[in-house]
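The same chain A turns up in both complexes below, where it pairs with chain B and then with chain C.
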Partner chain A sequence: MKTGTLDWRQLMVDFRLFGILLLMMVGLTLISDRFLTVDNLTNVLWSVCLIGIMTTGAIYAPITGGIDLSVASIAALAGIVANVLMNVYGLHWLLSIVITLLIGVLIGWVNGVVTTKFLVPAFIVTMAAKTYLFGVAMLVSNGDQITIMQPKEFLAIGVSKFLGIPIPIYIMAVLVIVSHILLKHTVFGRQCIAVGANEVSAKLSGVNPDRTRIIVYIISSVTASIAGIVMASLTQQAYAMNATGYEFDVITAIVIGGTSLMGGNGSVTGALIGAVMVGFINNGLNLLDMPSAYHPIATGIVILAALILNQGVSIPKSIQYLLSCFKPASVK
Partner chain B sequence: MNDPRNSDVLLECRGIDKNYNGPMVLSGVDFALTRGEIHALVGENGAGKSTLIKIVTGVTNRNAGSISFDGHDIPQEHSKNAAEKLGIAVIYQELSLIHGMSVAQNIYLTKEPLLSGLPIIDINKMNTMAQEMIDRYGFDLKATDVIDNLPIAQRQTVEILKALSNKASLMIMDEPTSSLTSTESAQLFKIIRLLKSEGISVLYISHRMEEVFALSDRVTVLRDGRKVAVLEKEQISPAEIIRLMIGRILTDNESHHQMVKKDGEVVLEVDKLCSEGKLKDVSFSVRRGEVLGFGGLVGSGRTELMRAIYGIDPFDSGTITYLGKPYVPTVEKSIAGGYGFVPEERRLQGIMGGISITGNIGIANLDTISSKAGFVSGAKELERAQKAIALLNVKPARPEVLVGNLSGGNQQKVVVGKWLIRDLKLLIVDEPTVGVDIGAKEEMYQTIERLSQAGVAVIVVSSDLPELTRLSDRIIVLRKGRVIKEFVEGAVSEEDVLRAASGLVEGGAQ
Partner chain C sequence: MSVSAIRRLILIGLLIAIGIALSIANPSFLTVDNLMTLLQEASLTGIVAIGFTLILITAGIDMSIGAVIAITSMICINFISYTQLPAYIYIPIALAMGCAIGWVNGFFITHFKLPEFIVTLATRGILAGLALIAAVKDSQGFVKNVFIQDEVFLAFGETVGPVYIVTIVFFVLAFCTQFFLKRTRAGTNVYATGANPTAARLSGINTDRTLIGVYMFSGFCAALTSIFLSARMMTAMPEFGIGSEMDVIASVIIGGTPFTGGVGDIWGTVIGTLFLALIKNGILKLGLSPYIQPIVIGGIIVVVVVLDVWYKDFAEKRAARSARQKQMQSKEGV
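Right, the complex of A and B next:
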């Protein structure tokens, strides 16, 4: 009975996603001869990497029926804090990273506690956090676009390679694997899914929904901090606007990957494919020389389409429905 | 049909089929209701009464069959709004009333009288109109009363007034007396007869045979999703209805249950449990191998008591002793210590519909299927799920099936099953067979009996009196948060329990 443990539905979703991804790549190759070049693909990879890292942790919020909108602000703040610790206070780069991650833990804990103990919806809590953390980031950085000149080890995170593959890719790969195992093969993963599926039922079965949620927001905040550190190192920049709008790319990637915002299921691998797709969509729009105003429009449409498909509405049925809107009231 | 009243038919359903992606809930049901009659719809839990009502009121759509109401054919894609416009009203206990608003505001919600020419509500006119209507029917209400301050019986009256203001020609009442006192019930019957004299039809659903007997002009009996019989006034008798409902004659043995004293060691002892506004000085104990039944009306504190001893809600004072040691319950401690808990509302509290059988069973057994480091063994999890499935005969017996796609009975088996694969010492089941088909119900009873034979202490809370008397070795009846009666040994009938629960017991302290 090996099949009992395999999640066939999720495999189907992942497989379908992968097909769509390949189609997109073929399409982009045909449309633009600049697409299939090392330079361009490396570019896509960087943005996918940052979104991908954030996604590995941010996915737990929707799985438990919540959402984390503060990840972009957390990432920007993490870059700024790391830089201040290293270059203003002169701390060792590793220590600076550890402190930055601890601050991430604190931010996530606050998000989680306000959501669970003060019963404010996660949407509002994390939107408020997004706003005030952006403010803190502006305050700490004086609103400046600070160039990070040193230490070399810190800057190496973003640019150096191992076996010809950039370090951020390894970071993302490790986080994807860890997150996947955490979700699918641990008690904590089971508890997250149960809380999202039916909080009351989970509670009556011995799960502590509040504790689970608090940990979820801590995880989300820590991976956002990691992404912020990688981004600062990669761009050699600490800037409050560094990751502006990334939270929507992250949510798009999660939703495209088959995770329901209503909670109760989730796929880390799906979200990774989703992150790659978001990267390609943005890249494709760039290559086609579309004005930047079209980018959010395209992203928005993709989110809606993914959500509609996620509701279990089949494409032929949707088309049928759309057509029936133009007909006079049907008579049976 | 040869019914001479056919010309006067208000509602006619023919060949109604319904299934919720599973077994047939209704098959080929014909149902007719004439103008100005009080028509009772009876059947055991799960016979399909509620489903039929939901189809008529547009809450859910039928799979086959036709419905006509007042000469209009109702299309398959029916809706609540359409039903309301046609004049079909459902009287809920209190659900559809808006708290914080007055009686008049509730009655005229969305159809408030306006100041002439202005989009502003004419409050005085609205209050006058409402009061006129109240006075015309002789109800004991003020138009300006706020809903929150009214007892449930009066809220029901407001619901009825609201329906009257909508020019309803059919009022559907689903168990309207379930939380009323006997005086309040009598008042409601008066109102129902008044409605009849106004030419309004009432479709009445109740488990209380004496009400059905006293009120109805005709009775339709459903059993297992099929119409069994329609009884005319002169044919109605409680014994006949019960015979038709269950399809056999009750032997004396079944209506009078013989209770047996068990003398295993005490598993749980509760002493003077108090909880502000919910429980007052509740004391009881339950022994190994004993099935302790809790009776009482909805709102008598039964569920609150169960939640307190399981550790969901805190209590103000009193002590609990579990397995001989003082015990302050929390859910996690209770589960680890050998409790099992099957909550009242299966869909809202019991199952995780979007998750597989394996996942639903695994969540209560994480301690036994995972390593110390917190990794879950998929193989162990699957093995546990298969064990529970086999133990309770869950159908389909496929662990990967989503629980939301199972029938009510099989969902309940999953909720119970997750505890049975543990080292269980005390099982609390709250309304174990609501919305469960008859076959699964019988299996549930056998499971409970098997558990008690194996030495598990079982607490059963049920509003289903035959169920309570059949299962229990001892029955405690709660009323208004207090233990009002305990049936220990000897024969007990459903009527005894009902009388105690309604406060009609000798020396019935309030």
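Right, the complex of A and C next:
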């Protein structure tokens, strides 16, 4: 199916997203003359980078029919832990990054094991993880906004450029490519899709659903840790509230990208376009001088609309149904 | 004795043990004042937890309860500061608003067949944002701290003897909901919908209507809590209730209602709420860091769920073994 012929339907979905993205850009350019400036687009790029890095890993959980809501807390914790390891214990910056990623692996493993072995819904486990990891982050950082001054190499991750392009862009690009190949061209990716589509038949055909799911949550929290490290070095600070609310941006990006939260399909490139779109939505609200309260409203509406469209529901029919709900009972 | 009865006895035992330990550690724990405040805290979480229990019985989830508390308290405060309407007009409006939000949640879930948690997560975002926009602002655009002076409204935060009104309402609501669940047809429909939606639909239960009703009840409970909360604080902030979902989920889980649906009752939830309130009060009384609270609440959910599954496994194995032994004995007898 895949080889030779193009998957036209998928291509059309991706292309449709691209069209909406272009329309958004044109609209924002017309609305605000500050949009199409280098400074503003750089700002958008930073937020897109962070969301994009998280999305590349977090997309696997919805593909297997779960969800990971703890990514934001993991990212905040990763920044704080890396800072503590480097500046309190004086470890080498590379070693501290490795240890931080290992802690990410541990958190993901716990999430995965509790979800699979104890049959708890993924969103409860990850929501609980979000809560207690936030507490841990607050406890470790003592609730302070710590400025990271040392070491220069660590701070260079976020700020320095290679061939004129910032390093975080490279990190995101590499992760997107790896994630795309992992999902579409490896046995593991196929197993994820199989588990999400129909767990029983996947099990019968020799896939171990529990193992697949545990690996999925490990991937998700490792990419969240990477995002946390990039964020810490970009903003030069470690703070427990640094990433608050990012999990909704990540879910929005994934849902816009055409991944249904029921499991069984997903597209990394779609999620990347979704991340760019989320970046533009947030930026547009900023440019229009909207208060920050409009941000969750916009995110919520976009999530619902994208989900309903993914579901393939015809909108006129829904409106008809909605109207029929308000009719008096005697009409029936 | 059934598994759930043993579990409940263990919980009550723990409740008493922690209570005794706390009263030894800190003499100010065992005062009428502190106990009544504890009960009041428990009731505020508990009223929401009652609605949430029904949702868990239908195997759903409602993440929007915290945001419903925020938006309904904002509705009340707007009525209080901009109109002269009496409390018995705007309080029903706020309660109806809670029901309406529940209806919207239920509509999206049943009609579009979307996952519950993502719908309610989205409405949570929308409502939390709306609450911030609807907040009463001063001339510089900052959220103003309005002191409520409406005596009828403030009466909701009063006490009858030493007991707060909210505690009485909590226990009455718990009793009524338990009666509804166990003794009425609609209550049985809730269990049936949670246990097996397809079978329930095939046997003639309107599962969509049941689900929408349950979400409306949850919204109603959250709105009710918001009124008691504002009356107790004598003010209302747009941050009210945001993030209280974890407390509610923890209480219901401790009470023994599983996520799988079809099982659970209100008395378990009542015990769970008291348990959580006691632990939170204990953290306060022992002078621990407030950052420990989220760790404890998040940890409790995971630990309780793990213990539950482990114990269920153990009980099933034991039951299977005793059944096998009985079979062997009867064979020997023949």
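Note that in this section the second predicted complex is superposed on the first by the 307 of 332 C-alpha atoms of A that agree within 3 Å, B and C clash if a C-alpha of one lies under 4 Å from a C-alpha of the other, contacts with A are read in each partner's own complex, and residues count from 1 in each chain.
What we mean here is this: a residue touches a chain if its C-beta (ideal position, glycine included) is under 8 Å from a C-beta of that chain, and two chains touch if they have at least 3 such contacts.
Just so we're clear, the structure is a prediction, and the values are computed from it rather than from any experiment.
Chemist: Taking the superposition on A as described, I'd like to know which of chain B and chain C A:126 touches: first, second, both or neither.
Modeler: neither
Chemist: More residues of chain A in touch with chain C or with chain B?
Modeler: C
Chemist: Please work out whether A:193 is in contact with chain B alone, chain C alone, both, or neither, and reply first, second, both or neither.
Modeler: In the superposition, A:193 contacts chain B only.
Chemist: Should A:291 be classified as contacting the first partner (chain B), the second (chain C), both, or neither?
Modeler: A:291 contacts chain C only, not chain B.
Chemist: What is the contact status of A:223 with respect to chain B (first) and chain C (second): first, second, both, or neither?
Modeler: In the superposition, A:223 touches no partner, neither chain B nor chain C.
Chemist: Check the residue A:265 against both partner chains and state whether it touches chain B (first), chain C (second), both, or neither.
Modeler: A:265: touches chain B, not chain C.
Chemist: Which holds for A:207: it touches chain B only (first), chain C only (second), both, or neither?
Modeler: After superposing on A, A:207 lies in contact with chain B but is clear of chain C.
Chemist: Check chain A for residues that touch chain B in one structure and chain C in the other, and list them.
Modeler: none
Chemist: Enumerate the contact residues on chain A facing chain C in the complex.
Modeler: Going by the criterion above, the answer is residues 67, 114, 117-121, 123-125, 127-136, 138-139, 143, 248, 251, 255, 261-262, 291-297, 299-301, 303-304, 307-308, 311, 313, 318, 321-322, 325.
Chemist: Once bound in the complex, which stretches of chain A touch chain B?
Modeler: Contact set of chain A toward chain B: 1, 3-5, 8, 185-191, 193-194, 197-198, 200-208, 264-265, 332.
Chemist: How about chain B: which of its residues touch chain A in the complex?
Modeler: It is residues 75-77, 310, 312, 331-332, 335-336, 341, 343, 348-355, 358-359, 362-364, 366, 370, 374-376, 378-379, 381-382, 386, 399-400, 418 of chain B that touch chain A.
Chemist: Where on chain C does chain A make contact in their complex?
Modeler: Interface residues on the chain C side: 61, 107-108, 111-115, 117-119, 121-126, 128-130, 132-133, 245-246, 249, 259-260, 289, 291-299, 301-302, 305-306, 309-310.
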